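Two complexes come next, and they have one chain in common, chain A, joined by chain B in the first and chain C in the second.
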Partner chain A sequence: MEHQSYNIISPEHGWIIIAGLSVLWIGLGYYWGRRAKSMDGYMLAGRRVGLALGTATVMATWVTSNTTMLAPQFALELGIWGMIAYSTAALGLLLFAPLAARIRRLMPRGYTSGDFIRLRYGKPAWVLFLLISIFYGFIWLISMGMAGGILMNAIAGIPYEIGMSVILFVCVAYTLFGGLYAVIGTDYVQSVLILIGIVIIGVAVFQLVDFGTVYADLSTDKPMLLNALLPASIMAVFNNLLFGVGEVFHSNVWWSRVFAMSQKAGRRAYLIGGLIWLPVPVAAGFIALSSGSIGINITRPDMVGPLVAANVLGQAGAIVVFMVFFCSLASSLDSLLASTSDLITQDIYKKMIKPQASEAQLRKASSRIVLGLGFVAWIVCLPRIGTLADVLFFAGPLVASTIWPIATGLFWRKANARGAIAGMIAGSVTGLVFYFVVGWYSASLIGAATSMIVVVLFTYLFPGTFEWHKLDEKTAASNA
Partner chain B sequence: MTFPYRTTTFSSWYLSLVLILISSLNLVAGDQRPEFRGKYELMSRDGHVRLRWQAVGPNAIYELQQSDTPAFDNAETIYRGPDLATFISGLPDGVYYYRLRMNDGDWSEPLTLTVKHYSLQLALTLAGLGAIVFLLTVALVLKGTPKAIR
Partner chain C sequence: MQFPELFVEIMIMVSLGLISVSVIVLIVLLIVDFVKQRVW
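Our next item is the complex of A and B:
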């Protein structure tokens, strides 16, 4: 690992903050987890989550380590357009709001995004979708485990392997105790801390960094970052937008929250959460552009956000920065562990392996899956492969290829299984070809475009006649 | 060439030997040229690059220079410090040369970076395609919204 000469707080202070927050999350997770007496409670927080908690969990989950660490990396690599490109991910949440209402209406007792694909398109499409979704969830998990290690190393000088292990352990522990109750409850506290921290950091950075100097330095040393026609960043804008839409539309992280919230709360929570999230990447990105003026050497681009913020704000500010990053990591890691575990428990264990499983057996399986996910993520994170962008954007074309199969599946009766399968395969393959030939800037964009063309073509050629009531599986079963 | 530390007493001779050893050690340290890690011919399509170099010894201060000529005319020091890597971004099309030294010693072999951005035509075409996909997705969702919230 390259030596980085800016460890802002001492490892001792870092450990004190980590220990304090870890005890808080595990304690709250245990406390809220006591409510989870049934599987509906454990997986979907009793399906009674209101607007305030719903908005907080949407916002906190989307303010991931990728927002606080990758958005600055985007700005440092791609300039002004890079910041805008990252903030377009808010459109994923905003566009999902109407879908949330539709999902809740069509599937009042659904559990996972996999349920929808199975009931709407049948088993082959379901298996393909699960492969994509679990692969993406795992990649996201790895990128955040890595981010935890990088963050603690950059700010407090804690060795990467130890920092990464601690954050994974803490999130696995409280998710294990409390399921979605614990996840949503801690998300609320974490979102409040994140917002307070971002306001403090934002105000301090805008007061301490001179815009004129930053602009002048960029013009001289990094002129392409101010160039509106920087080709890579032009491509990145719509690529990132479609990646974000694909992430939200398909991932069980967002579907499980829809099933957990009431119908009215779901749509509003996604709208408000998206609007609150929108300026966060721009603020995070701006501070990266000032790294040259401040005179900080950046050894890895994914370190730029925490390093600049902590350096500008000094010791006290660094503690705020550390807490914000730790909260943003935890709020996403727990969500991902819970929702991926739900997907595997419901769609693989219950539907494929043990259909007659009791609630106690499902709960046990779910806990083991959370533990297994955490362990495998830990093994993969250890060697610290690539940068966050390299890791995350590899899954881009896969998730972007699910946008049209899901959106048309929710609104078009004529959308059909052949189109959904062909769209996901064609979109994933062409997107990955572009990932390796052109770069990640184009992979999600091509994946989404190909999938859209294929889905529309198959809908026109082989129109289906789907009956919406089939999506309400339990009602259909009881009527039968 | 005369021996500079010629002495007549044992203690002076001993002192001279120590001084020779120290000066030869300094000479060796000065000869320790840092090396970049990886290839010395790099290509970037997006104007950024991460340069890494091998650690030479403890307490080393590295100096990294950038120039647009292989002779390093008008070279600019872009990093000076103990780190073993730096990230450079925002470079326009062109050929850039980098060299490195430790504690004001000898310079390393130069590293060459060629920046050739993606074609603007390709970028605008892909962005246009992305805009169409996005707008059609918005249209699909908005058209279905009344159905969704009814």
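Our next item is the complex of A and C:
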């Protein structure tokens, strides 16, 4: 892979922005984190997060560096369908909204997505689910850490190792201080900055570059990008949609937010957050389409956004892009650190290693796990093995295979453990076969479809009779 | 068959408009939550 530094802004400007935002996040994280006096406070921000912070954290967490880097790349490689394909990931949030309401009602004292699988399907399914979920969460964490270092190096010429270390350190620091209070609070500020930045750049490019010329140039030079009937791109739409749904349905990042939000806020926050996110890939992606008309030579497609912004708006544009990237990275990294730590603390440390652990011991373990995750991520990121986009797509069928066990498990009393386990295994295996034989754009689609068939078949063959009250663990225990 | 120019242009303009409105929505939601004392 080419390790090229574009120095779109000077390292001095880069360091000033990094220092300013880092101080802001750590300061705000510390300030809000003082509320985290109990385990519910540290892990779930007190379980009463309102609609504004809930909506912002959903939106900001889903805007990762992938959204701002990969959406322009999708537009460059798959054209208009590429932008639409990326936008369909919003459906993951929109479809999770009704699930959020149901999860909160069925599990008023739940902590993690692992809790649901364990209580609904039993231990074997739980272990399989944890393997998929922790693998995916960790890969996502690593990819964000690497993206941070690569971006800072490419845009500001900051050495990769230093840039990557700084962003990981900052996110670990404020997550450690304030848990989910710090994560959700900073997510609000980050989401507003991200949206303002995208509007500034998008409107400026739209005003300064004649769209008629862009369209005419594309029609002449790259007509494929305007093709409305491109089969691979249309398949990418469904693949991205199902990957997005799988990511949201299974990941503790999203479940922990449901448990953190008030009963009323959860469903609406996911609906509004999804609607706010929906246009972001289109706005970020169209910038890439104008690169040919501006005369920019793209050697790295994921750098097209900053290059176009700097070309059209000068240093000011590049600085805005740098801030958007930094906020996107931080809002996802902090969420991954917190939610993966919660999953390991609750599902492994408390449930498997030390069931009698006191609240103080759990808090201590949770802090150590955040530190440990940050350290391991740092070690893995250090050699700069490149972006992990391929590994993330590899994880696509694994997470897509969890969609149906979760959706049916929440609404269908007859759904059973055998179906959930067989669905996750069959969906993952067939999805991976298609990943290698056909291509990444078919893997999630096939994984989800296979899982659906298997789960439904097993439900009819071996119908269960699950009692919903068993999902409320403490009530079930006191009734026993 | 190509996507018509007007369709693409409208899609981009609507996206930018929606994101602009989203900023206002987030700020208004926070003010409402603050007034009703349900931010956290």
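General remarks:
Assume the second predicted complex is superposed on the first by the 467 of 480 C-alpha atoms of A that agree within 3 Å, B and C clash if a C-alpha of one lies under 4 Å from a C-alpha of the other, contacts with A are read in each partner's own complex, and residues count from 1 in each chain.
Basically, a residue touches a chain if its C-beta (ideal position, glycine included) is under 8 Å from a C-beta of that chain, and two chains touch if they have at least 3 such contacts.
Treat the numbers as computed from the prediction; the structure is a model and nothing was measured.
Per the definitions stated earlier, placing chain B and chain C onto a shared chain A by superposition produces no clash, and the two fit side by side.
With both structures placed on the common chain, the touch criterion links A:189 to neither chain B nor chain C.
When the two structures are aligned on the shared chain, A:53 is found in touch with chain C, with no touch to chain B.
Using the contact criterion defined above for the overlaid structures, shared-chain residue A:209 touches neither chain B nor chain C, since it reaches no partner.
By the touch criterion stated above, A:371 is placed in contact with neither chain B nor chain C. By the touch criterion stated above, A:229 is placed in contact with chain B and with chain C alike. Once the two complexes are overlaid on the shared chain, A:445 sits against chain B while remaining clear of chain C. Of the two partner chains, chain B is the only one touched by A:403; chain C is not.
Which of chain B and chain C touches more residues of chain A is settled by the count: it is B.
Superposed on chain A, the gap between chain B and chain C at their nearest CA atoms measures out to 14 angstrom in whole units. According to the touch criterion, the shared surface of chain A, contacted by chain B in one complex and chain C in the other, consists of residues 223, 226, 229.
Chain A makes touch with chain B in their complex at residues 2-5, 76-79, 91, 95, 98-99, 101-102, 105, 218, 221-226, 229-232, 234-235, 237-239, 241-242, 245, 267, 297-301, 304, 403-404, 407-408, 410-411, 438-439, 441-442, 445-446, 448-449, 452. Listed in rising order, the residues of chain C touching chain A in the complex are 1-3, 5, 8-9, 11-16, 18-20, 22-23, 25-27, 29-30, 32-33, 38-40.
By the touch rule above, chain A contacts chain C in their complex via residues 35, 45-46, 48-53, 55-56, 59, 80, 181, 188, 191-192, 195-196, 198-199, 202-203, 206, 211-212, 215, 219, 223, 226-229, 262, 272, 275-276, 278-280, 282-283, 286. Residue ranges of chain B in contact with chain A, taken from their complex: 45-48, 50, 52, 55, 79, 81-87, 89-92, 117-120, 122-124, 126-127, 129-134, 136-138, 140-145, 147-149.
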